[in-house]
Amino acid sequence: MPKLPDTQSEPDKRRVDIQNVGVRALRYPVIIDEVPTIGVFALSVFLPKEARGTHMSRFVALVQKHHHALSSELLLKLTQELAESLESGSAEIELKFPWFIEKAAPVTKTLGHLDYDVTWLAKWDAAEGAKLVQKLTIPVATLCPCSKAISDRGAHNQRGHLTLTVAATEPPKLSELIQLGEAAASCELYSALKRPDEKHVTEQAYDQPAFVEDVVREATVALRKLPGVTGFRVEAENFESIHNHNAFAVVEEGTL
Amino acid sequence: MPKLPDTQSEPDKRRVDIQNVGVRALRYPVIIDEVPTIGVFALSVFLPKEARGTHMSRFVALVQKHHHALSSELLLKLTQELAESLESGSAEIELKFPWFIEKAAPVTKTLGHLDYDVTWLAKWDAAEGAKLVQKLTIPVATLCPCSKAISDRGAHNQRGHLTLTVAATEPPKLSELIQLGEAAASCELYSALKRPDEKHVTEQAYDQPAFVEDVVREATVALRKLPGVTGFRVEAENFESIHNHNAFAVVEEGTL
Amino acid sequence: MPKLPDTQSEPDKRRVDIQNVGVRALRYPVIIDEVPTIGVFALSVFLPKEARGTHMSRFVALVQKHHHALSSELLLKLTQELAESLESGSAEIELKFPWFIEKAAPVTKTLGHLDYDVTWLAKWDAAEGAKLVQKLTIPVATLCPCSKAISDRGAHNQRGHLTLTVAATEPPKLSELIQLGEAAASCELYSALKRPDEKHVTEQAYDQPAFVEDVVREATVALRKLPGVTGFRVEAENFESIHNHNAFAVVEEGTL
Amino acid sequence: MPKLPDTQSEPDKRRVDIQNVGVRALRYPVIIDEVPTIGVFALSVFLPKEARGTHMSRFVALVQKHHHALSSELLLKLTQELAESLESGSAEIELKFPWFIEKAAPVTKTLGHLDYDVTWLAKWDAAEGAKLVQKLTIPVATLCPCSKAISDRGAHNQRGHLTLTVAATEPPKLSELIQLGEAAASCELYSALKRPDEKHVTEQAYDQPAFVEDVVREATVALRKLPGVTGFRVEAENFESIHNHNAFAVVEEGTL
């Protein structure tokens, strides 16, 4: 095989450091903590001003090598491996995947799976080492306290998203964050509900009304108590049933 | 300027008629019935088996020529113009755009705009002439009759989409279809609601519970009475506030 | 437990048959032909005019029961099971999922996974029995024959989607359809390519230019030869590298 | 009218400041610098720990009042007006809208509109006053320098997005940013191209190959020279024609 020119390794004279260069929207089958799911990866490294380009195929090679056995711990190690394989001082790996909890309906105990969107963002640099940020979107129900207080009957309610982004010295389990987040809303969601269950969740939501402001505050109070958390962002968004726009609220504390 | 080869006009030997060839995802500023909005076009013609390719720039030229003054009537004429400019026996133009109604809140009469998604699909062929199908997505609120009947207090409700697809000898006005569709749900939506309005819509939704089945049936009964309608499809989808999945129902009558 | 009212089982006087009623956007972990992936289900039945509503929890129960071992054959059987469990004369199940092929790069044989979007639509009714339609979106590269013919150097090319929708008495394998589709474009895609591979695919695309019209015709000629196919739709869409809109072409033959 | 309870104005004891609370996904017809388009708004204020909720209808009222005559200057003033109307120390307004340039094709001078996505983020707080960040996504063509260097004929190329996020003491015009961004890629895009134009853009892209790394560096060098710019982020993403994933690069300088 004749030697091909290596354009990426040419010197560059524009004196521009690139904070992130790599690939994204790379969809792969993955096994995370022994559970199969589908991941979408973004992987990147720092590219100093002297080098023209990075070597894109090495990002894919890393995913191809490790997709069968991933965990948050391993992802942190892989950021360092990625930086070293591309001779860079820093690297990032973002991995998005759907996660499922099998839950029992509150009264009949009928089983069903509920889906959550998770993003892990792992960063490594030579000076500060490795760091993981977890982001988790929890679908919930919220019932409007104002609507309940002012109306003679009923109260508007809707599906909403509670999104927790958490940095921690020891990453909390997804199931722990899900439980914490679901407790902050008017009621949690289920995929399978029979009539006695539907009665239960309707009345529970009516008895626990919550604005987006209440949802982010309840989640904030709970996150402050989680051991090892160094920073978080809490965002609630309601797909209002009386409007075609959404209400939202955001709290950030500590460092992400 | 030297003569360039015309690859598209070469003969083709594979003996395959192409029902539709053209461009899509073409976003343009448009003025429809004297109202400015943003349109996304898909334009196509029939290509007989003898010809290798169509001339893509002519589709864009048609939009560039007419984007400043469109209507459903003109769109129908343009399908014929498109077919003729490309020497084809049939043509289609699809135009998607957001449409707005300025509404007064039910009690305080506060004004606000509500947005609807509209698709016009205009078809022309030499044998059957021109035909328009209108598709309109109406965001609404629905309150679950089962939840209300079985619960001691409250009832789950949510935002939903009611989508009307209508073929008619004389196309109904968008405002007429919107009114018809909003009447089929538990309550219509508003962008601006003060507390007396919120009390009103909460109680109205509670007093008019509707399953997706009820919504499509109410809209069907109303569409059957619209003069000139030759066929329709009615689809309701609820973004259930107790689940992370949606309920839906579809009725089709006549020919679209 | 006290007896709760059954609102769905009330009679209905509006005289409107509902072609489809059920749930959609139900995301579940699934195992298809022994391969784990993530599915999004839509399930529905026919509801005759006499009945007010269907029982939504039974759709979810079917998915919960079978998600661990699915196949196209089983999906067909489940449509009948679904219709019977809801005492309906017809039922449909749509299942969307990403599918992966592990491929070797053309020269260096480096391994990587490529992702495809698949939709299975299974229908059953009492009169006609069960029927499966497969839809598969194949990402490909296309190089413009016109641009190549008229330019002194280079030719514009781009990523495109080739979507095959196929009805067959015996459903073809996904791998077979993927191979057939990839052969219709200028070049197939890979996730992992080293420089000798990149040279290969660049030159192959340049040597096999194809309009969207060519891509749908090549796929049509190949689908006509597949045993047992009773109808198909072929759609090619190019994310043109010289425009911000897309070119597309559609061929339909037989009955879907 | 009887006095209704004001739930939002109740005191709150959880001691959690909320950085942002308001509405989002509010779609409205807008006129920006005398040009009609469609905007999607997110509006929010800071809510101190003592107050339970904000008054959501006032966000919509602001949009309803001003949607007919907007500009980047006015948006900055409105953030202060919003904060004051809700008695808050800070406010943000985000406005997303499509923007169009009518361009002449490079050889035949055929006219067509090209579309760009713009986001304006205006912030105001009592201590630091008002500040605008502009974000602009420019669709471009990029041709791979490596593919060109190693191949005997052709070179893979594709559509890509160049996104410029710019903070400036005096906001640059959109047309100026568009010109700057389009010059950083292999070739700009057009909606209407005839064959002599297609030859031109094909050869121009072949003569100006650019990695994502090159695109962000060229744009960075140009942004550094723009007067009044205090910080920027430049991001390039290529929808690679040889892969089903994307390449990307990011540069950030100064403060956003």
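A, B, C and D label the chains in the order they appear, each numbered from 1.
Keep in mind that, in the parts below, a residue touches a chain if its C-beta (ideal position, glycine included) is under 8 Å from a C-beta of that chain, and two chains touch if they have at least 3 such contacts.
Keep in mind that this is a model prediction, so the values were computed, not measured.
**Student:** Determine, using the mean of C-alpha atoms as each chain's centre, which chain is farthest from chain A.
**Tutor:** Using the mean of the C-alpha atoms as each chain's centre, the farthest one from chain A is B.
**Student:** Which whole number of Å gives the spacing of the CA centres of chain A and chain D?
**Tutor:** 24
**Student:** As a quick test, compute the distance in whole Å between the mean CA positions of chain C and chain D.
**Tutor:** 34
**Student:** Roughly how many whole angstrom separate the Cα centroids of chain A and chain C?
**Tutor:** The mean C-alpha positions of chain A and chain C differ by 28 Å.
**Student:** Pull out every residue in chain B that's touching 2 or more other chains.
**Tutor:** Only 4, 26-27, 60, 115, 146, 150, 191, 193, 195, 199, 243-245 qualify.
**Student:** What topology does the chain touch graph have (line, ring, star, complete, other)?
**Tutor:** complete
**Student:** Would you mind writing out the residues of chain D in touch with chain C in their complex?
**Tutor:** 114-115, 139, 141, 143-144, 146-148, 150-159, 187, 189-191, 193, 195, 198-199, 201-203, 205-207, 239-245
**Student:** Along chain A, where are the residues that touch chain D in the complex?
**Tutor:** These residues of chain A touch chain D: 4-5, 7-8, 12, 14, 16-27, 42, 44, 47, 52-54, 56, 60, 145-146, 149-150, 211-214, 216-218, 220-221, 237, 243-252.
**Student:** Using the touch rule from the top, collect the residues of chain D that touch chain B in their complex.
**Tutor:** 1, 4, 6, 26-29, 35-38, 57, 60-61, 64, 67, 98, 100, 110-113, 115, 191-196, 199
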